[in-house]
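Given below, in the form of structure tokens, are the structures.
Two complexes come next, and they have one chain in common, chain A, joined by chain B in the first and chain C in the second.
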Partner chain A sequence: MVDIEIEIDGKVVHGNSGESVISIADREGIEIPRFCYHKKLSVSANCRMCLIDIKGNPKPQPACSTLASAGMKLYTKNAKAKAAQKAVMEFLLINHPLDCPICDQGGECELQDVAMEYGSDVSVFNEGKRIVADKDIGALIHTDMTRCIHCTRCIRFGAEVAGIVEMGGTGRGEDLKIEPFLSEGIQSELSGNMIDVCPVGALTSKPFRFEVRSWQMNSIQSIARHDLVGSNIFTQTHKGKVKRVVARDNESVNETWISDRDRFSYQGLASEKRCLVPKIKVNNEWREASWQEALDFAVNGIKNNNSDGSKFGALTSKNATLEELYLLQKLTRGMGSDNLDYRSDFANPAAANILKSSISLAELEDIDHALIVGSHLRLEQPMINHRIRKATLNGASVSAINAQTFDSNYRISNNLLTAPQNTLATLSGVLKAVLNEASEKQPDYLNSVVVEQAHKDIADNLLNAENAVVILGEHVNGNPDSDGISQLVKDIAEASQAQTLNVSLTSNSLAAEQVGFRPVNGKNALEILASDLNSFVMFDIYPDFDCFNPESAIENLSRSDAFVVSLNSFEDDSVLKYSDVVLPIASFYETSGTHVNIDNISQSYSASVKSAGDSKPGWKVIKVLADLLEIQGFEFVDSCEVADEALSMTPSTSVARAKITGSEIPEISTVWQCAPYSVDALVRHSSSLQETQIGQINVASVSKATAKLLKLSEGDLFKGVPVNINNSVAEGCVFVHTYQPRKC
Partner chain B sequence: MISDQAKKEIDIWVAKYPTGRQSSAVMEALKIVQAENGGSLTNDLIKAVADYLDMPRINAQEVATFYENYNHKPVGKHVIRFCHNISCMLNGADDLISYLETKLGVKTGEARKDGLVSVKKVECLGACVGAPMCQIGDKYFENLTEQRIDEILDGLK
Partner chain C sequence: MINKAKKLIKDFGLSEIRAGMKITAKQLTNDKITVQFPEERTPISPRFRGLHALRRYPNGEERCIACKLCEAVCPANAITIESQMREDGTRRTTQYDIDLFKCIFCGFCEEACPVDAIVETHIFDYAFESREGSVIDKEGLLKIGEKHEKAISKARLEDSKYR
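Moving on to the complex of A and B:
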């Protein structure tokens, strides 16, 4: 890469040798029309729209595939270039229908824009246009392939970014069609980006189809908060409703992509199941109430059932905003209680999960080895997985210690199948192997550990890498040994001089950590749900999905002496069963807030739309509750003040070293993973996401030998989930991956 | 779906390419399974070949639909591959193809009910000097006329 000087349209500009001319022009703000070129995809140079004149070259050349060399003189707007661009434009429009008025892309269409700028008024083509039959490619993307101009961006996106080659070009010449194989739907978790890259109306958003014209909407900057990345998005609204979500560029966070979960979850906002008015339970009968009445009812209930504060507990989901978490924390502590937690789905919330991430999203691309521990990374954190995939494309290798071999979009060279009850032993083996190889002293607890060849292989991979990362995933949360596991992951990373990445605390968990939403001396989530506390605030909790053991949690909360105030955005039968008041709160995009992502970047966003019905932003409801409970320190005017105060907190970082002691080893254990489109209430109510193949994930995988021990056969139901016997699962465990409610 | 014999033949081709590049054998593999299936491919066969070569199914379909050598509908015992590119076209290929269709009672791309013959329009076969021309099996028939076609058809059994 040498800095060179070239001349574009008489302007001297700088670039790197080997850089494409179009990217230099883009940087300099010199406009060159294009369809197939996309800055994040490979160059195919098949649309020919970016033809420019190069001095000394007899014919115009495509700017996307022409590499800059010193002294080049380029003309993007001279007669030769213009004639070429105009001719290509006419050629591209030969088969393109003139149906802009009924096309969803109209108004935001690259073809439309470029045709206006570079095209001719009339076409000399007066033969018939070709028509291409459409295929149903799933619930998210609508196809109108007659409009396709064969730029192949969607094909390249699938092959290069999503890592699943789904779209392809079949046939030849005029019969060329862009389509997936047969009528197999698109399966990628990033498929929605094909809509964004498509320069015409061939691929458009299915849920958005015919909703509203693009120019009638307001675009509001927002943050997607289903995962740890906090992808930057635009919510596009019309008449107070979110109509669409599209990606917003932020190179260090989500580049230009977003996951389907972030893109289509907004549909849940319009669900019929929204909580719209406050409800109170009087004499075991639910009735609607005014906010005033409901708040008084809630406050009286809390006061009457809570003499000294120690009988009060608060639980929240990890989807709450930083502000909500902070205020609820302040309320709880103001009540004199330390019973608060956000980890209601953890098997062992007593664990500290001390692992801190030491590598940023952008740096993940430069690693040369990743060890994944307990994570189906592709579906858990699509955008983080995408960074790892980019690293693998640059030659990085990946190994894993997982209970199942997951379908990944890169090669996992070394996958050590490990049931949850053996994870501690496996990690100990790896740590010992690492210490042995590095000839370092071993702590005593490793004395009795046996190092197997598989452990050595993993250790070698780590030690041979110069820039490795150890990734701790979600599965650890359901493991009673989580404390030891996260300690060992930390030790392994330290001993092998690898970085760490903790993706087990998902959504906005890091905000909860920031504001100290976990007990210091009080009761943790499991204890709160099993205790004899008698007044509760449950913020955004849907026990069937959010509690580790829903059945016992619901039973305990339904006690006659327990007064439960629930704040929810969606109606839920289990919530009604145990609650005494349900206060409707705003869902995603309806409230201002802050998301703390894995790089510890706090991204604030404003409300895109007003909250549905009579529901109110959660932070306001908590503030008013606190005021009515006469707790001091809630004089906030807007959520920014709350965020400022929350971010000024210094979370306690000193965590004692966890003990590496295994819990009682069950013969056969279960890993229960929530399917990616069931992780929070909003996605669960997004009908199109639920229709996709990922939304329909519902399988209990078990090995042949384990199935025999459990007397299970193919198709039986294991905790309500159909059994699939295959050899991808570790012996001694059942791996449940499902959209269904959790069963302990 | 793919017989053991066919797999053996495919493996010979796979072995010619570096490890991990087994998908390079897709053209030969499709040819082998097509031959075994009586001269045409089905979607299931394309899928089976793709899965056997561990490559994306759509990529196998791209290859199978790009080249004329692959047939996607059942073919007759004899496939008359009729050139309709420029030299043959200028010398009356289109009329001869219509003649052939009427005479045999089939449409191009389809097999006659008795399964004896099918007609397929193909791109240039490199025998422009003898245009119009067609290929049946491995044999080229050049300088075709309606009369010559009658003679050729009489010889097909």
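Moving on to the complex of A and C:
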């Protein structure tokens, strides 16, 4: 990369040699029309819209595929360039229909904008226009392929970013059609980005179809809260309703992409199952109440059941905002209780999750080896998976220790199938292999560990890489040996001088860690749910999905002497079963808050719309509860003050070394993974996401031998999930991946 | 003194009444320019901008495609549209309201419409019986369109060579 000087339209600008002219012009704010060029995709130079005049060159050249060289003189607006651009525009408009008034892209269409400047006002084309039949490509994207101008951005997006070649061009010339190869439609978890990259109205959002015009909406900067990346988004609202979510550029967080989960979850806001009014249970009968009545009822219940505060417990979902977590933590501690937790779906929340991430999202692109331990990264953390995929495109290799071989969009060179009960042993083997290779001293507990060839291979991969990362995934949460696994992952990373990335704490868990939303001496989530505490605050908990053992949790909370105050944004039968008061709270996009992402960046956002019905933002409800319970220190006026106080806390970092002792080893274990479009209440209520193939994931995979042991055959129901017998699963475990409620 | 005398002569000589009568006498013999409204009406330009109407195609299908250009162009924000996909997959309005108290009858909506759906008719003598009556909804607008389709299409045809 050499800094060179070129001249564009008489202006001297700097660039790197080998950089395309169009990217230099973009940086300098010089406008060049384009359709096929996209800064994040490869250059194909097939639309020819960016033709510019280069001094000394007899013919105009496309700016996207022309590389800058020193002393170049370019003209983007002289007569020659303009004439070329106008001619291209005329050709593009030959086949493009004049249906802007009914096109959802109308008003934000690149073709429309460019045609206003470069198009002719009178058409001289009297022949017939091309008409292309549409294909149904799923519940998220609507196609109007007659409008397509063959820029191939969607094809390149699929091939280069999503990693699944789903769209392709068939035929040549006039007969060229852009269509999906498969009849099942688009299956990528990033497919919604095709809508963003399409410069015309050929690919538009299906749920948004014909709802409002682009100019009617307000765009509000916000943060997506479904994963631990905190993708930057715009929520676009009209008349107090979120109508659409689009990506907002942030190079260090989500670049220009967002996952489908972030893009289409907003539909859940309009669900009929929203909690709209406070409800109280009097004499086992539910009835609606005013806020005043419900709050008094809640406070009296807590006070009457709880003379000294030690019988009080609070649980929260991982999706709560930093502010809500902080206030609830303060309320609980103010009550004199230490029974609080956010890890209600963990098998063993007893110990601290000791693994801290040491690598940032952007740095992930530069790694040359990644070891994934227990994660279906592509579906669970699409944006992190995308970074890893980018690294693999640059030559990085990936190995995995998983209970199942997952469908990935990059090659996993070394996949070690390991059932959950064997994970500890496998990781010990890998650690021993790493220490052996590096000829370092081994701790005593590794003495009895047997190192297999597979362990050695993984150790070699890690040691040979200059820049490796070990990724701890979400499956560790359901594993009783989670402490040991975290510790071993940390040890392996240290021994091989690799970085660590902990993706097991999803959505806003790191905010919960920041405010200390975990017991120091008190009861953890499992203990709270099995304890004899008698007053609870459950913040946005849906036990069927959020509790490790929903059945026993619901049963215990339904005790007659337990007084449960639930704050929920969606109605849920199980919540009604055990609660005494249900206070309706605002859902995503309806409350201001802060998200702490995997890089420990706290991103604050304001509410995009007013909360539905009579519901109120969660942090306000907790504040008022605290005031009514006469707990001091809740004099907050807005959520920013809460966030400031919460962020000024210093979370405890000293964590004792976990013991590497396996728990009781069952012969056959179950990995229960919630499908990606069921991870929180909002996505569960988004109808279009539920219709997609990913939303419909419902399979219990089991190997042949294990199936025999369990006496299962293909199509049987295992805990309500249809069994599929295949060889991609480790022996000795059933891998359940489903949208259904969890069954222990 | 002289002025006073002049005024006296003018007043008592009935000079102004005579001037008035002179005009009356002249007009007695001319053609009448008044008409017996509402039985008789004066001719109006095909471009006259009166009460709004939504038109249908000859096959009965409504023309409006909910592009909302009229709503966007309306300088008085008098038009409110909500759209949705109809069962057959076409883009249609679910609500189309015009507030006639807000409307300034500029005719921009008519001009912006790509399918000649919203038009301004020649009707100008209408009244509301209640305050809410000033807002005409989609049904009302379509009814006006159906009733006056002949006159509307005739006016469009007459004006077409100048458009």
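The rule is simple: the second predicted complex is superposed on the first by the 743 of 744 C-alpha atoms of A that agree within 3 Å, B and C clash if a C-alpha of one lies under 4 Å from a C-alpha of the other, contacts with A are read in each partner's own complex, and residues count from 1 in each chain.
Quick note on the criterion: a residue touches a chain if its C-beta (ideal position, glycine included) is under 8 Å from a C-beta of that chain, and two chains touch if they have at least 3 such contacts.
Because the structure is predicted, anything quoted here is derived from the model rather than measured.
S.K.: Following the overlay on chain A, give me a clash-or-fit verdict for chain B and chain C.
M.R.: Superposition result for chain B and chain C: fit.
S.K.: Applying the touch criterion given at the start, work out whether A:P180 contacts chain B, chain C, both or neither, answering first, second, both or neither.
M.R.: After superposing on A, A:P180 lies in contact with chain B but is clear of chain C.
S.K.: Applying the touch criterion given at the start, work out whether A:I102 contacts chain B, chain C, both or neither, answering first, second, both or neither.
M.R.: A:I102: touches chain C, not chain B.
S.K.: Which holds for A:R209: it touches chain B only (first), chain C only (second), both, or neither?
M.R.: In the superposition, A:R209 contacts chain C only.
S.K.: Go through the superposed model and pick first if A:R172 touches only chain B, second if only chain C, both, or neither.
M.R.: In the superposition, A:R172 contacts chain B only.
S.K.: Treating the CA centre of chain A as the corner point, state the angle out to chain B and chain C, nearest 10°.
M.R.: Apex at chain A; the opening toward chain B and chain C is 80 degrees.
S.K.: Please work out how little space separates the C-alpha atoms of chain B and chain C at their nearest point after superposition, in whole Å.
M.R.: Result, nearest C-alpha distance in the overlay: 27 Å.
S.K.: Under the contact rule defined above, give the chain A residues that sit at the interface with chain B and also at the interface with chain C.
M.R.: No residue sits in both footprints.
S.K.: So in the complex, which bits of chain C are touching chain A?
M.R.: Its residues touching chain A are 65-69, 72, 83-85, 90-91, 114-115.
S.K.: Looking at the complex, which residues from chain A come into contact with chain C?
M.R.: Result: residues 100-102, 106, 209-213, 215-216 of chain A touch chain C.
S.K.: With touch defined as at the start, can you tell me which chain B residues reach chain A in the complex?
M.R.: Going through chain B, the ones touching chain A are 43, 47, 56-59, 61-62, 65-66.
S.K.: If we count contacts the way the header does, which residues on chain A are in touch with chain B in the complex?
M.R.: It is residues 164-172, 179-182, 184 of chain A that touch chain B.
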